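Common to both upcoming complexes is chain A, partnered first by chain B, then by chain C.
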Partner chain A sequence: MIWRTAEKRMTSTVEYVATIEEVPPRRSEWRRLVRVFWRRKLAVVGLVIVLALIVVAIFGPLIAPYDPYKTNIGNKLAPPSSEHWFGTDAVGRDTLSRVVYGARTSLVVALGAVLLGAVIGQLLGLLAGFFGGWVSHVIMRLIDALMSIPMIVLALVISSVLGGGIKNVIIALAIGGIPGQCRMMCAQTMSVKENDYVLAGRTMGVSNWRIMLRHIYPNAFAPCLVIMTVSLGATILAEAGLSFLGAGINAPAAAWGSMIKDGYKYLLTNPVLSIAPGVFIMLAVFGFNMFGDGLRDALDPRLRGTL
Partner chain B sequence: MAILLEVRNLRTQFLTDDGLIKAVDDVSYHIDEKEIIGVVGESGCGKSVTQLSVMRLITPPGKITSGQIIFEGDDLMKYEANGPEMRSIRGAKIAMIFQEPMTSLNPVLTIGRQLTETLELHLKMGKSAANRRAAELLDMVGIPCADTRLGDYPHQFSGGMRQRAMIAMALSCNPRLVIADEPTTALDVTTQAQLLELMKALVEEFHSALVIVTHNLGVVARYAQRIYIMYAGRIVESGTCKDIFRSPRHPYTMGLLNCVPRIDDREGRELEAIKGLPPNLGRLPGQCAFLPRCEHAVDRCRVEPWPELQAVADGHHTRCFVNPPGMTG
Partner chain C sequence: MTTYIIRRLLLGIVVLIVASIFVFLMVHVLPGDPLWVVLGENYINYSQEELDELRHVYGLDKPLIGQYFDWLGSLLKGDLGESIVYQVPVIDLLKRRLPVTLNLAVLALLISTICGLGLGVIAAIRRGKWSDTVVSVGANLGITLPNFWVGIVFIYIFAYKLGWLPTYGYTSPFDDFVTHLKMLIGPVLCLSVFGMAAQTRQTRSSMLEVAHQDYIRTAWSKGLTERVIVIRHMVKNGLIPVVTTMGMQVSFMFGGAVLVETVFNIPGIGRMMADGIGMRDYPVVQGGVLLMAVVIVLTNLVVDMAYAWLDPRIRYSYR
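Here is the complex of A and B:
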């Protein structure tokens, strides 16, 4: 019905209405973001490290010179040489190949844990912030309880109950990531939901779920993304710690933490066995932290205009 | 003409730390089909809360404590505030335009996406049909190159363009009633005039009724057929546009008129401001809430409770004992 009359209306309305002459220039938010990020040189270094790690993780089998699981007792604990850059371990496996495969483990665990923690944490935070009242009370008290337990102890308990292995380590570390995401999302939601466009959405008859997911979530997401990138580094560290303590990913699977643990018995004779994965852990954590900091600066509206 | 919306004895209250705020207290008004009415009053007098109550969008700590909201013969109070019935009325039958065009559009969604959302929701249009209709709507509100502009984000629009987009959104489902809450307050004067003309033209074409909520009597003078003046959560005077401007009977209305410059003013007339501040809605006396600021008050005003609305002429009501003779225009 509206359809058929639309054409007629258009012609008659346009006569009444002065059209707008000048049109403001288009500014790209995305370009500003890239520019601010690019000016942070350390952030760019971080990004390069992160990208390099991702490449190593994806193309590991092509990069690694040897099979990381193939033992060679005849050539155990070999010092660094041109064939084995980082030497070989106690059962003769090539350390470089194991470090390369370890990048894959670390990234998969870190990404998996952070994403899982973010999904659960952000959903809870969104619900708590949007509905407030008793919903918020219940959720936030649960989160408070979760926060009062040290993350590494919590992860130790979970992985010793569920057992080791990548899947369980991801679950354990994800639980540790929930509170931060939940609190940030809750605070963001509480502030975003006061915006006029949320009320405008309501006056258009949009349902609560749609308002939450379409109108609030995308506007509340940026600070959570920053926490996510920074916590990638922390999660890599936590996974290494768990593996070092023997509650994480165990041999024969290649993981940086368990490599340090296996290597530290030979710290005086073959230090490279522990140093090599240690340096990679350091690089990865540094890379993610610098990248996260740069991202925060680029997304922070308070710094808008000053950078 | 048939009555489209009738609000009877509406009371909306907010329970805050400072006590019970009676934001809307026993307000009754109506609007006919295709009619344009104005609701005028100072900030905080309950105009916006009244309109949000009609939409059933009052959230805690606010509550509609009593009253009827009869829209097209149905009492909206019998529906759940956020239930499917109310959701299908909001946007489709009653639409709203807000004061701040800068903040009433979602910054992360394109203009096109926000326009099509309601079309898909209420009219069950497909994506491409909704897009075409959205472009038509933008064109109708006078935004050039509507097709390409659909892909723009709100920050790429100027204030006036955003308000035009808001008008397009409000009208997208051909609503019976459009509520414009201070639609032009945030815009400069020339843009205000353009947008008011635009709104008037569009509601006429869409056969919608329009409520203009404003603190500026000048805004409604040209467009509204009837005007309701609100003060401290109540309607203090109502009448046709002519009644209100030619023969105002409530001292508050007179005060509002006196502080607007007129083109036929004698030279050197000083604009009179209404002295004092609006009352605290949490601590209203039983007497007339305008009493402390009133220049015409008599002893009766100080002892007796605030009177009900009384007819002073056909269709012209005022809530005042004194009924001082109006200014002669």
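Here is the complex of A and C:
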């Protein structure tokens, strides 16, 4: 409140503020972002793949040719044909339909885990970067300890302790995603808090929380967004790994990792059972990685074209 | 420099203590009785009195903090408990299985680092040319491949279809060196694909960033040859982020080993962890996680030393 009143007073008394406000910086900034992003062909390919994945995940029931849960023992382990493009699995379920439904599982888990990890990680990073001192020491040592355990192992242990299923896999993978978000937000906060507008806020008596959430967070968020996008791909890979080991999402639910695991037993006779879901994992991860790279280039001109 | 090393060492110890708390709590936040972890499936055969007595014997009736210090005490003496499934001390299992995983991981790390560095440098100095495009596309695809799936495809092509290599398993190099090498090709390749791709991307990126620095322009204007500029000025300075990637790779290698060793049925730490989790053999899982944490913290320590060697600014700031 104090901040707003002060802003108004400044606008009415100092003329040059009004001149600066006449320039619409946001619109041209957006245009620049879109232009840089659009110029990177791979980023556009990534965006197309991500959009296609979202469409498949939302409209799965309309796209899938068969019910992915319906078993048909009489037609088990059928090879690819015009009726079943990717054949059928050990209990006669249509593999293509399960791959389509698997997109939904992957996307829900990845989005859920990345968002949850980002909320916790960014909050911890904001606190560590803003307060520094012992707060930062405690938080960063916790993060270092989390990072000393490989992400997939950490998620595997947590998921097995909690007992599998979509909700628990999301929690397990979110914990694995906390360190990256926390470290990036901490570094960003430490640099953003040196700006004059933060000092101005402090001198006007704005509370720490308000400075953190209103003034630092929005200005420190962009690199975290890039990490979040790339993490979506890494989380899809990790979820597939967990499901492959049987500690993630298991049949009858359709998940790409567990489909590869179940198909592995029939590799010699029906290789498509485990190869097809792998190709889709690759596509999805490629899409998110390229989209994330494009986003980073657009948001950070310094790095443009180097990766 | 000594201050820097001591500081890093102390931080490493603190990190390990925090990690040990995580590992300890892992079993104690399990729903149900922690005694289940010790007794496994036999738990249901014990009466309530017997369970109470065992709880006293194992110190499980003490407060949590007391239990942690007891556990840490035996840990420092090298006692990691006994495996529920194999009925042998966990430390013996780790001793037997660690060399197998290290064999795999060290080879994979070497291959991914050497190839990644080479490809990254080539892509950077030939930026925009076809070789850069091929390497960049390959690296971008490489980081999207699930290593366990690459293993399955590898087995299908090279073992089932072409019959060139054995399907899966592990032979010690001391028993039969040629078979050992043949069996290692697939797992090492799968384990190094992601690292190689990540290292290539990182090397290319940091080399290109260094290429824009003023001292590189100065080096060109001094009339130095391209070889000298690339090797002496670009590679050494561009190595700093690359070393970070190498440190992180050790973590990826252990994580990847869990999956790759499962696909290729290799009796290493990774397979032990996957089986331990599957069979709820928590002492084994705790031992495995702790061992991984120790190796990763030690690696990070070495990486920090390497930073100080590569970047004089770090050395001098701690004088």
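Please note the rule applied: the second predicted complex is superposed on the first by the 274 of 307 C-alpha atoms of A that agree within 3 Å, B and C clash if a C-alpha of one lies under 4 Å from a C-alpha of the other, contacts with A are read in each partner's own complex, and residues count from 1 in each chain.
Here, a contact is a pair of C-beta atoms (placed from the backbone, for glycine too) under 8 Å apart; a residue touches a chain by one contact, two chains touch by 3 or more.
All values derive from a computational prediction rather than experimental measurement.
**Q** In the superposed arrangement, does A:200 touch chain B (first), chain C (second), both or neither?
**A** In the superposition, A:200 contacts chain B only.
**Q** Just chain B (first), just chain C (second), both, or neither: which does A:215 touch?
**A** In the superposition, A:215 touches chain B alone.
**Q** Is A:43 touching anything from chain B or chain C once the two structures are fitted on A? First, second, both or neither.
**A** Neither partner.
**Q** According to the stated criteria, A:156 is in contact with first (chain B), second (chain C), both, or neither; which is it?
**A** In the superposition, A:156 touches chain C alone.
**Q** Where does A:267 make contact in the superposed view: on chain B (first), on chain C (second), on both, or on neither?
**A** second
**Q** According to the stated criteria, A:278 is in contact with first (chain B), second (chain C), both, or neither; which is it?
**A** Touch status of A:278: second partner only.
**Q** Sort out for me which residues of chain B touch chain A in the complex.
**A** Those residues of chain B that touch chain A are 55, 57, 60, 82, 86-92, 94-96, 98-100, 103-109, 117-118, 121-123, 133, 136, 139-144, 152-153, 155-158, 160-161, 164, 166, 169, 173-174, 194, 197-198, 201-202, 205-206.
**Q** Applying the document's contact rule, which stretches of chain A touch chain B when the two form their complex?
**A** 1-3, 6, 9-10, 12-14, 16-20, 22-24, 26-27, 29, 133, 195-197, 199-208, 214-215, 218-219
**Q** Can you tell me which positions in chain C touch chain A when the two form their complex?
**A** Against chain A, chain C makes touches at 11, 14-16, 18-19, 21-22, 26, 29-30, 140-141, 143-146, 148-149, 152-153, 155-156, 160, 201, 204-205, 208-209, 251-252, 254-256, 258-259, 262-263, 273-274, 277-278, 280, 285, 288-289, 292-293, 296-297, 300.
**Q** Give every residue of chain A touching chain C within the complex, in rising order.
**A** Touching chain C: residues 42, 141-142, 144-153, 156-157, 160-161, 233, 237, 240-241, 244-247, 257, 260, 264, 267-268, 271, 274-275, 278, 281-283, 285-286, 289-290, 303, 305-307 of chain A.
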